[in-house]
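Labels A, B, C and D are assigned to the chains in the order they are written; within every chain, residues are numbered from 1.
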């Protein structure tokens, strides 16, 4: 069984909290460092965090002394990054340079040619970019990224549709509050309301899947030739992004063909993998965020209402499968493949 | 100035309440009868209704004695029907037969060949079907219908796009609670949640616009040749349906062309008409249900985020423009045109 | 280890679902019967229930065939009743007569002189009424009741205050939606709102604690001499009743005295008992329903903001500690004490 | 008819927006200046404000150029202050010194001996402190304050109870989101939740009524001898504070006595006064924030569920009667009494 010590960068935010929740009793990974902005350094984690995802900070990390975002201070084999994109852009390369494997949830480096953007079930082979990256940048470590939350949930359903000649996707997302972090969306903005815009989100949903579904071609990824049109909205739901999808495919599969393709698409055998990757619901009124988001401990996605078109709805837990769990799964894959 | 006495069928429901709100001080119409199910007959309206749209039942109708859904009992020139579809199917023809003009918000007769399905700004000429209907059915009165709430809001934006050769529409709706009536959606179903299905709704949104945008051809309507794909969801918003629309057009208009077309599309000069029919918002994060639904006293629709595609979001008040106000406006049009 | 087969009466409601959740893998109890209204009899539980408390009905009961509320049909040692009060009034005695031990969450028999109304940590000795009840009614079985949800949460904090000469309690509750069952509160009634009234609730909160905190005196309970004034409101929260309490005591204890008394008040050693009975939070802004309701798997209560007065806030999970868990704990106590 | 030009300090916040809403077509007051923090100075109001209380900034102020919080720059007879307390503490005296009448909604000076804290219907005579204040401080202008939002709503019901020898009040408030301003409460903090604490609020509710209900005694106010115990919570409601009140009185009035006292307590004859000051509802389930907060254009309070005790619930619009409307009403009173 692999064993790695891990640090978490940006440990006090919502995604940082989810990292802790997922890693605190992880069979392979052991949390040895929690880092955040300078002002928190030297203080106890439990006293610095506004813990939002349960009654109390796990005992195992409560008294851990926080450190700065400085590779010199961290004692860990790997780091998980839940940093805001602008901070990540500056900080992550410093860690990679110092030999750290950085599993990043930030958007800063996702689309760089030599940086793997990976969903383990979708494009595990793209991890091969690690070697290219190390060579090109002269780093001992590396940066491995996972996509944006809405992208992950969507792409887990697009991958099995690729066999039908996927050409065009029209998607409207209804995204949960936790996706905006904490404090994030003001309550006065969202009570009895919808906000039909999330800054930067549509570009990510339209572009990241092209890399994920693209093919590794020597030292880079050949983008998939799909046209994605996204409209992203924010709704008054705590966790769980729901996406209304229309997927146009060349071979025009039936609803049944699509169901079979979804069922055939399997989870990997990693510690954080769900038992079932895509859960199909036959009820007319599913998936629903509150009822389905915890499926597979938040690592499954649930699909329902598959209709001619092909149209369907897909739901996933944005903060688990769409963020912290995505990074953890990437690192588990890299560990299993002995790439780290 | 025209003057008609009016009755309201189904006066205690949410749409019934909106009818009262809109008619209680109407310049042309005077409420003289409130009808509902047998059990309420003979009782005071104010004591029978669970008034949900303000602090108190308007004084003008509080003490009005309710009557049965029986044309013999009603003293009024016109009736507005907020009946459930199954009741409407049975009751409305009885009224039409007895000479009443019935403005119906129910879906029962909308798609019948000789029944006008009208949005005054979209297809006022379809009222000509009244004569066909009377002839064919031998009625002194007639039934005039307005579309489903989501359809109205959508179609007000599709009409000005017809000039560009509208071919295909993909729409995902996020619909408000009041659309399901009262008691309607249980709170436990919708708190921290979305319900991705509304029974019967998608069929209405996909079919009714074809009649509305169709052409009057002698004694029937030639359906418009448009392909509409709808996904309808329920969100935790009191009033105001938001719709995410993709409209594919033959002549491929620019965003600017579309804006101009929307601006040119004007409200009529009727008592309930809004000043501005389609309000265009340039902000990235509009329209929003809570902020925009009351525009034009609930009779305008607000459009935002027009992007290449053409994609946009449209919002309207489902219970006013999408229901009671729709019937009232139809009757105002008919009155002005001296068709009633 | 004790072993009993159990039936659940009213198995499809919210409390029924919680019973299943708590019993499906219970170490002592094994579900062998699920009963509900006649119309569901003979059908599969999983197809009859609208499962609201998670993604899916537990496999163990999905295919169980439902039966009628008839003691002749049930094969079980004990029954848990989640029946509405009026149905319970009629049905529960029939079961007790036929020899069943009935653990009832209904209010029908709570205040009857020979019926134990019990919270295991508060008044376990009141179970002695079982013998009185059997003698008096000539039953082989018996009815054991637990209090109303708000009463349980409140009384768990009043018990340790009895030592200070508790005289008067003023309480305002903010109660969760699940307390009203499903469909229960309409969403249009509670979105952006509070309903300052819950039918029958205040009487229960004012009277039931007097019996719970009273003393067993031969064949009946001598009511505690406390004056309780309750105002009960419904708020837009899924689970977890929050109560704002003022407790006036003769000996005028300090905040510290009260904290010590709460800490000393311990859970029992039963399978469903929480580790900590009363969790004290020192933060200014706790307890909060969403964050604290799952403490002790929903069987703890959380107290915060203890101030001179004595004033404090207490929170508990209404559907677990306040309903299903209360009945289960009572039955566990009875089993351990070999009273059943 | 009096005529005054007025400035608004802190014009972009929620209370500032409410000031504009109430003053933009006010018969006596004309908005001539909108001031806020330095960074907004010189810019158009409509482009600086995040307008939250309706679809759009009123035209009348959209293009008004904002100015700094500097008495030299403002051209107005009076100023309304919606400043945060710490800013108000520094800024308001500068305005008073320069001769401005300052109607302040801030808490900074409310409890100072020579500063009138006024609710026009409760203690209009306290405005006499203006003269004391001017003498003592050597100001040409003066500061007139209104109480905290929860205090106003509560005190409007306590005033008519004074005749019965009011001794003790126990109140639990359920306060709306807008009371925390914008952005204020994060949505993740309040969805499916209650926050049982509002910083500083309980002290205000416990102390301010003592001054309001106190008697003017020469140059100061003799505090009323009442013991108030408050617990203040935040709930997921946009506008409208609901308060659960127990009022203990020496003469022990009946429910009927109290109803009569409430009915006798009348609004004044000022432009912003509501027709009915205290609206009594007889329904078991009123007042409710969403249904009752707009009564009297937000200037009435609604009382319900008056029970022996005396216990009752009172609701008022926190941002109108409890903030902007309170300041406006104070200024109208001062204008009518020719004190300004």
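Going forward, contacts are C-beta pairs under 8 Å (C-beta built on N, C-alpha and C of every residue); 3 or more make two chains touch, one makes a residue touch a chain.
Everything quoted here is computed from the prediction, not taken from an experiment.
Asker: Compute the centre of every chain as the mean of its C-alpha atoms, then state which one is farthest from the centre of subunit D.
Answerer: Measuring from the centre of subunit D, the most distant chain centre belongs to A.
Asker: Measuring from the mean C-alpha position of subunit C to the mean C-alpha position of subunit D, what distance in angstrom results?
Answerer: Result: the chain centres lie 42 Å from each other.
Asker: Could you put a whole-Å number on the gap between the CA centroids of subunit B and subunit C?
Answerer: The computed centroid separation for subunit B versus subunit C comes out at 47 Å.
Asker: So the centre of each chain is just the mean of its C-alpha atoms; given that, what is the distance between subunit B and subunit D in Å?
Answerer: 41
Asker: Of all residues in subunit A, which are in touch with two or more distinct other chains?
Answerer: If we look for residues of subunit A contacting two or more partner chains, we find 52, 191-192, 236-238, 291.
Asker: Is the way these chains touch best called a line, a ring, a star, complete, or other?
Answerer: Basically all the chains touch each other, so complete.
Asker: Which bits of subunit A are touching subunit C when the two form their complex?
Answerer: For subunit A paired with subunit C, touching residues are 52, 54-55, 191-192, 279, 291-292, 294-295, 302.
Asker: Can you tell me which positions in subunit A touch subunit D when the two form their complex?
Answerer: Against subunit D, subunit A makes touches at 14, 52, 177-178, 182-192, 236-238.
Asker: Tell me, which parts of subunit A touch subunit B in their complex?
Answerer: Those residues of subunit A that touch subunit B are 170, 172, 174, 191-197, 199, 229, 231, 233, 235-238, 242, 244, 246, 284-291, 304-305, 309, 311, 313.
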